[in-house]
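The same chain A turns up in both complexes below, where it pairs with chain B and then with chain C.
Moving on, here comes the complex of A and B:
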């Protein structure tokens, strides 16, 4: 007998909901977006260090929201969604990474060198 | 001599029409999740374009990221969006308990907070347009509008979908079809928060840093 024929509310994906985890993830998400914002707005660090903090917070949020909000784990209910997501990550990274790599030195090779090192144009 | 079973093409049943031994809800949520991941590949190409065009040579002597992005305003949008996701989470807890009122209240909260995010974003972009920072101004602005508003368009669709689901929950209750649609909408809504992490971090925060 199919699961939903019994009672759709007893389906494992419905039963995954956890109020405490949703609330905890919400608070942590605001902290991990608010903290780098505070550092960036107040210029507390070199641009490179601040960028590292931004990337680290984004990576941490990816894991936290992925696990506690999207419930990407290895349970019997969720394992294929997790597998699809894990296989998706290299495609996502390669699309952005390879494009950036291809264009990384384009401007230096093709544009006027003085333009490359000029200060940002103000409007 | 081999014997072949004769199958009448007019009456042959090629597959089981019922859901016997088949989890309809799980199949549909997995299918929708795969669709969301393919949608995210469009986001990846928009991010790639943004990364390439986020350079002063593509600003056409116009504004660059440092002039366009307002990280504080984006953070308040982040608060609204994450709150909208939390409200949808509350609706999912209500669904788990079979409480129709709790589901409707949660969906209503997600609708209002998601709408608030869209209003804030719309105001932000209207201000940019009023100052002449329109997509056709430069390659950078085209990439900026395309990436951020692609996410915004998803939220518009999500808010409309929430309204439709509120009507379905109120009229039909928790039928198998309504339940799987609520689960798919949960994936869709939560995934928008997931994508926003990257928009906020790599467009708004990195833009304020203006690192090239």
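Moving on, here comes the complex of A and C:
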């Protein structure tokens, strides 16, 4: 039985834990999630601008949480997590990319995009 | 923030009141009576035989992967029966409600099921069969077999394994309780948008569906993580990637698919729940939302889910066919590669489920070609199975019958799948029962493989074989039912019959609808023989007991090295893997069972009731949210958080099984020789040492 199996606190992943960083990342995550929500709820900006803000906040969250929470790096302990994250990227690009392509062609055939946000629909 | 909905609400019971218990519906009333009697009988029997302690210690709190796997399978089989009864009711309604002169009963204008009740039944049938029957059975089989095939003592995370199971059980409980308290979704198993929105479905049916699938999805995602970690980290010494059994390759591929797709489903349904509870507009047309986004997100999970269930089935066929052909599997490397390829391609085909939505021709062409690409690795697998059979000494035991029939079904299901991958054909038959016949055809491949797997590995888990005679009767009636039912359904699809209709306007369809009813009657007979097979097998278990670890005499992979039934520690000493078909290699070299000169202590996890408690809290959370009993939801959520934190602080190092005790337990097995083999001082290296001296078999090992 290895040392970390006898004492879970000795496990290398647990050793990476930092309470202060966790708390700080949690607060930043709340801000980066709450701010776009507040902007969307109060319709502060055009749909395009709101989308850019939401995407930018999501990207920032991914990086911050990836580094400070998941501790993604190339150390022996963490490389599987990093590998899993890297393997996820093609799937992400494929699903989001193909979905965007599908909707781009779909909108031109089934609906007028600008009408979706017109006051007439906001009943 | 919370949205308004019609009907009364009280702080204590939320939307629940006495009228929500459908006692006035005779079908549900008598179902309730039957289920109550059944439950009372089971609980009474457990009490009479004073088995509560045994049940608690050995099953409900167990972290043993085999016990959890058996519970998964049991849950899946019970739900399979429930889903099957739903199917019987649908077929019967359709055959009764043909033409304007068809009579109505029990409040229905035609047939015996009003449209709303019919809608609930087809929604429950689809949801149950895919998510709560086939998926748990397959996860259960993987739970039992994967650790044994890779020579591990348990899953990588035994505690998480139990949590996954109890979350699945909690979700299943929600689906089942919707029969008797409230109602179930009428919006199809896919959650047809915007029918699932509160404006169109103000009852609790959609909420039952949405919370059940969300909780169940979390359980399945966790199970996928566990299987991946187990295969990567827990393989026995010597088991390189190219020596890993094919079933494990398919389990790995399917778990990657599950891990990457189930969260999309969970997120999509969570957004739908926000629409229904918090008043957001993710999927409400005209208010900035997009109902087609739901369909897109659903099928981003939905099509990989198809491969999630079919890949383990392919793995099962790859284990059964070589055993009963008495040959190694043909084309191991291509088989493994095809398993991974199918998982990879599964991510780029989902749009073929809604070709008719109106995307551009370029998009449809891309997804059409991608969908057809799946046929290449699948074709590779079919040819490999055919070449395995070629010039083999083929035996037609019950598992092999199921496996061979699955190959036939794969051919017809695959070819009709190719048809549906073409947008032009897809436009013609979209939403017809041709599509329903196709995916039932494919899910029958999975079902046949599961029945084959249960017959194949039953002696490994329980120590005695299932009865052959009744097993063959069950197989033939089930096969006949499949042909008659889905043959008729394919034909009706070509004739233009839409899916999900409770009334059939054209009397010319009646003969084929009768054909479908005959088919499902044959399924009923098959079900009778399946139950009888189990009964006869348990009754005659002494006669059917297997005395060696290899129940079939020609098995090949490592699980057949373990005793039958497998002891809780799996292997007395961790095996060293010398060849791809390790058990076949050992058998051929006379190394089947060699007694080690000494046994080392084995470390095992302790039982714990916490996963069961987490499942109970998850059920209460779901039930509270369905009925908007917010206090119950909050208390349950706090309970979950407390249990998770308590577990984190629990200092439970597990327990150790002393080597001397293992020696005593191993002494009862007749296939273990009394004399120890020459080990050269290597524990568990008995075979490794013999392996060095034995001639290598390139055919098995390269």
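Basically, the second predicted complex is superposed on the first by the 91 of 123 C-alpha atoms of A that agree within 3 Å, B and C clash if a C-alpha of one lies under 4 Å from a C-alpha of the other, contacts with A are read in each partner's own complex, and residues count from 1 in each chain.
The definition used in the following text is that a residue touches a chain if its C-beta (ideal position, glycine included) is under 8 Å from a C-beta of that chain, and two chains touch if they have at least 3 such contacts.
Just so it is clear, the structure is predicted and the values come from calculations on it, not from any experiment.
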| item | value |
| --- | --- |
| Contacts of A:105 with chain B and chain C, given as first, second, both or neither | second |
| Partner contacting more residues of chain A (chain B vs chain C) | B |
| Touched partner set for A:88, first chain B, second chain C, both or neither | both |
| Contacts of A:13 with chain B and chain C, given as first, second, both or neither | first |
| Partner chain in contact with A:31 - chain B first, chain C second, else both or neither | neither |
| Common ground on chain A, meaning residues reached by chain C in one complex and by chain B in the other | 1, 5, 47, 80, 88, 91, 95, 99, 103, 116, 121-123 |
| Residue numbers on chain A that touch chain B, as the complex places them | 1-5, 8-9, 11-15, 17-19, 22-23, 26, 29-30, 33-34, 36-37, 40-41, 47-48, 50-51, 54-55, 57-58, 61-62, 65-66, 69-70, 77, 80-81, 84-85, 88, 91-92, 95-96, 99-100, 103, 107, 111, 115-116, 118, 120-123 |
| Contacting residues of chain A [partner chain C, same complex] | 1, 5-6, 47, 80, 88, 91, 94-95, 98-99, 101-103, 105-106, 108-110, 116-117, 121-123 |
| Chain A contact footprint on chain B (complex, rising order) | 19-26, 29-30, 33-34, 37, 40-41, 44-45, 47-49, 51-52, 55-57, 59, 61-64, 66-67, 71-72, 75, 78-79, 82-83, 85-86, 89-90, 92-93, 95-96, 98, 132, 174-176, 178-180, 183, 187, 190-191, 193-194, 197-198, 200-202, 205-206, 208-211 |
| Chain A-facing residues of chain C, complex | 232, 260, 264, 286-288, 290, 292-293, 296, 300, 347-348, 351, 357-360, 362-363, 366, 603, 653 |
